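Quick one: the structure is below, and I'll ask about it shortly.
Chain lettering (A, B, C and D) follows the sequence in which the chains are written, and residue indices restart at 1 in each chain.
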Amino acid sequence: MLGILKTIAATLGIAARKPVTVQYPTEKKQLPQRSRGFPVLLWDFEHDEPFCTGCQVCARYCPTDCMTVTMQDNPKYAEGKSPRKKIVDTFYIDYARCMRCDICVEVCNFDAIVMDNTWRSVEMSRFDRQDLIMDLEALLRPSKTGQLKDPFREPMGVAHSGWRPKAEGEAKGGEEE
Amino acid sequence: MSEGAATDQALPPVLERVREALPDIPFQYVPTPLDPAVVVAREHLLPFMTALKEDERLAFDYLRCLSGVDYLDELEVVYHLRSFRHGHTIAVKVRMPADDPRVPSVVHLWKAADWHERETWEMFGIVFEGHPDLRPLLTEEGLGYYPLRKSHPLAEIEDWQENLLEEVERLAAVGAPAAAPEAVDERAQKVALAQKKAEVIKKAREEARAKGLSAEEERRYVQEALKRFEEEAAKEAAAAPAPAAARPSPADERAQKVALAQKKAEVIKKAREEARAQGLSGEEERKYVQEAVRRFEEEMAAAPAPAPPPQPPAAQGKAPLTPAERAARIALAQKKAEVIKKAREEARAKGLTGEEERKYVQEALHRLEQEGEGG
Amino acid sequence: MAAPAPEHRHELETIDLYINVGPQHPATHGVFRMVLTVNGELVEDCDPVIGYMHRGNEKLPENCDYRQAIGYHDRTDYLAQFNTEWTFCLAVEKLMGLEVPERAEYIRVILGELNRVASHMMWVGAFGTDVGFFGTPFMYAFREREVIQDLFEAVTGERMMYNYFRPGGVAWDLPDDFEEHCRYVIEHVRRGIDDLDALMTDNEVFLARCRGLSPVTPEQAINWGLSGPMLRACGVRHDLRRAEPYSIYDRFDFEIPVGTQGDVYDRYLVRMEEMRQSLRIVEQALRQMPRNGPIMAAGLKRVLRPPPGEVYARTESPRGEYGVYIVSRGGDKPWRHKVRGASFCNLSPLREMVVGNYVADAIIILGSIDIVLCEVDR
Amino acid sequence: MIGDNPWLDGLLRLLVIAVAIPVAVIVLNYLERKVIGRVQNRLGPMRVGPYGTLQAVADTIKLLTKEDVRPHSADRWTFELAPYVVVVPSVVALVTLPLTEDLFVRNLALGLFFILAVSTLSIVGLVMAGWGSDNKYAILGAMRSAAQLISYEIPLVMAAVAVAMVAHTPDGRGTLDLVQIVDGQGRVPYIVWQSLAFFIFTVAALAELYRQPFDIPVAESEVVGGPFVEYSGMRWAMFMMAEYVNLVLLSVLASLVFLGGWNWPLGNQVGPALQVPLIVLKTALFILFFFWARAILPRLRIDQLMAYSWQVLLPLAFYQIIANGLVLVYDWPDVVLGLLSGAGTVAAAYLTYRMVRRPAPLRARVPAAAAAREVSV
């Protein structure tokens, strides 16, 4: 019976410890900066337009094929207000299909798409599957309204093959593959 | 497997021992990164494998992986073996023609091969003779097709399903019951056939077990039952000719959109080369390319859209794009391209500037269209 | 093949009771079904039925390029994703002859070994519920798993499906506070292992249920193709990290725990000891890891096109030898992509292990094999 | 005796019990989840009501309102009556359970005998539930529960009888009246003189309640809840209520018979104000032990469980009764009783230890049918 006595002693010790439960809705665990929720688009506040130019690289590399992107000429470019000739016209991500594999963020040439690391993207359950298909306006909302404080910009991905430290001031312009 | 298999360059130590132990069985050495691979003919496989297991110097007692590979014209089975006593590894490869997928089973040597062979059989259709219990493992009985064969559709299967659904919805919406079951029927028929076949197999297997046949006769008994069943099914099929529903061609818009994007990309590239050829500065070059794209879009808008919107079923009989019509359109586009090139060379020969050159090319196009309508 | 005895030689002609254990059953760890032919409580015959989780994990990567295929490996063995991604990357690196930088190798070893601890924790919890504990080992095990998963989330951003390793290195660098977060995890997990040890190892009732149950001799184990803790419990000192060292495992010293009788209790002891050894490896790796340096092989194209050839790469996943056999014919998509799941091979001799025991034991023997159904059905 | 009408008095006392049972079940359910939660280093229910106190109430309401489904192929009346056959005996047994000298419904001269006799009836209910719900797991669970409850009923009864034999009463020794047994424990509780009987009683009580490590009839991982598989809603709630009532019954009985009930440290004249909390404290001690055993012990196998009862508990129970008999015949002082019983307890501990350490007997016997299709290994 020694083993069982030892078990009782051990469990008495453990029962005395502080319980580890986090009571979810009232207290929430602090998400790390790299937490991968769902992909969202970034808003360029200087030129008041999305960073994304609709180049469809992410749509091509998405394993689950959950993105559809179309491109349009940038009206602001004609007026000379923004450096981007092309801007995204419509951008749909089907969050029901997306498996959050972060390949789109990696291959994006213009660093226009990042993973939302706030609780909003973790609490993304909806009653109807159609509501999970996010259009351009819904994708831009977190970045536009400032919910997305500091998204994780990975310093080095395979897309920028050939490792070199990304100096701070380096231009974010997209270089061709 | 690399095509040019090196035959006699320096053999690794393992294969030296294999050469000593089995002088009479020819094998071909194929260098692969981790384990030395050998290709053995199918007839020599069983003696080769028994020697690998039993021979003192080799003692391959651990079959770690058995996989089938489909090289379109040939099927291949790869055995990866390891010896615990000596610590060396080897990969044995056996090739067979695709229409005669038979390989002797190695379950009596390594029990591990049991499930591997069952899985390879149901995925590739390679029959392992001598396997005690060759039932499918992952898929259900009587599936009728081998998923991992290259012939089994991979990408198109989605389109095939999507189109089937569209077809059904559209026909259901029109309420034409006569035509509706035709497309769906093919799939339901196939499922029914598979279920019937599964029952036949199960019944045959029970009878064989009841008669107390050994596993070998049992499998042959099941085979005959299947053959008898197929003949009856064939007779029925002959009596009521199954409607040969041609698979609807995947005319969805996504493929169309991609084609459009590619054409536009070509136009941009061509325009950019021309601009560079003329040594235009960055700014003009961009404008030049923009015009080329605008012209291309007008041209596309003017020309009739390649796939007319789905007409009502009544006109469904005429296929949207008969091959003759398509050939005519391609010829027209080529003629137009030549005219543009010719006009451009003339303009350059005359030393016209970019602006006049474009007008010149425009007129050439108009003349071509008048001749076209007139002709 | 002995001639089959024509009829049952039972005194009283009783029909056999077929019990379907699964596919919905609390003890089958996923969608797996055992059709047990039961005579009273004794199991006379067991026919394992698999294939409920078959999703064509070997056919789909033939349509994806080499980076997209990594997602499929996360989903074959969903308890040891770093090990499976590692095997796939190893295979592609061997095909292309890539040189993985030092720091990336150390990151892979640390995350791989911590993943082994997390996977064994999951097993101990689930096995405890099978044996009859009312969820206590499950809660202790998951408390440690949460700690490890928080570390993984800090590094890769995901708690389970990491998609973090790339052929040639890792996707991006570690966060700055990784070092002391890792030390906190090691110390916390070590205390968790001691809790579980105190709760289960000497517990007489646990001993009574597990000791001496379905012993497996080394010859049987090798012939059946067992690997990992199942093989080591039979006394065969074989661990790929030591027998065929891949990556930088030859720089660490760690023991390989080995059992004596090959029964269920030995499998439990081997897995508990393995967890401690993994923590030792992580500590050594943390000390030896270069502070900075490249984490990705240089000069990689965005789309990898390995030269034609074939390779069977294998690593020591928590369940055993996880092998990936890739045949490439030069294109950006693998021509054939075979996955040798460790659970697939460990599960195949289930019939020989279970027949002759009680129904209650059949459940525990199945639990002790530590099967992950996605790896079995692929 | 409230009012001079015995019927009214009896009715009122029964009413008290009828109210006390659901409250006790809800409180125990909540406490069990809190205790097991704390053992597992987590908080337990916190969401419904302050600190989760209303969680058990919410569960009860849910169970009462949930539709209790009856499988189509079930044997109708067996299926529907089974819960009542399980609940009624354990509730009836509460009638003669005294909390203090006059806090009971009716005190019978054969109180102990009545309680043990009635509580064995629930075995029939479990077998009816298993057979009625026409489900393979249920039948297996029912057969297991029948085997287990019967084989552990005997040591339980014999342990109680052993104590009843040596109970000190004003007119000589031996009585089945619970109040007299408790009165006899003024100075020394019977646990001291009858430690072996106490050991047997506790282990057998665990088995009676089919709680870990003897919860084979309702093993989740093997027979998925045993006889209760097909039940849901109100009927399942009745089974759970029966379980908790049995728990209370056996804990109170154990504290009365072995720990001296309301009498031991404070004596008889203290009055109910102190005696009731004392008996509640002792019962709580037992209940805590049962909860803790559930959290930390795995499950025995059916053959080990049966072997343990027939080969260890029963011989020891006989030994205990013979020892008591000797002491009564030769009129030795109580100390000898305690020594003999102590020796028995040590023997019991050693026997359990040796039996559990022995590896499970190897059953390599492969029945003929399986051998026929055996794949050559």
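Definition applied: contacts are C-beta pairs under 8 Å (C-beta built on N, C-alpha and C of every residue); 3 or more make two chains touch, one makes a residue touch a chain.
These figures come from a predicted structure and were not determined experimentally.
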item	value
Central chain (distance from its CA mean to the mean of all protein CA atoms)	C
Chain located farthest away, centre of subunit A as origin (C-alpha)	D
Separation of subunit A from subunit C, taking each centre as the mean of its C-alpha atoms, in whole Å	30
Subunit A and subunit B, separation of their C-alpha mean positions in angstrom	35
Distance between the centres, which are taken as Cα means, of subunit D and subunit B, whole angstrom	67
Computed distance of Cα centres, subunit D from subunit C, in Å	42
Residues of subunit C engaged with two or more neighbouring chains	1, 4, 136, 140, 143, 199, 203-207, 223
Residue numbers of subunit B (touch at least two other chains)	111, 114, 132
Set of subunit A residues in contact with two or more other chains	1-2, 4, 7, 11, 14, 20
Subunit D - residues contacting subunit C, complex	36, 39-42, 136-137, 140, 212-213, 215-216, 219-224, 294-304, 352-353, 356-357, 359-360, 362-377
Residue ranges of subunit A touching subunit D (in the complex, touch as defined)	1-2, 4, 7-8, 11, 14-15, 17, 19-21, 23
Touching residues on subunit B, where the partner in the complex is subunit C	1-3, 32-35, 37, 61-65, 67, 69-70, 78, 80, 84, 87, 89, 91, 110-115, 123, 132, 136-140, 147-148, 152, 154-155, 212, 214-215
Residue ranges of subunit D touching subunit A (in the complex, touch as defined)	37-39, 41-43, 46-47, 292, 295-297, 349, 352-353
Subunit A-touching residues of subunit C, taken from the complex the two chains share	64, 67-68, 70-71, 136, 140, 143, 146, 150, 153-158, 161, 163, 166, 168, 171-173, 175, 195, 198-207, 294-296, 298-302
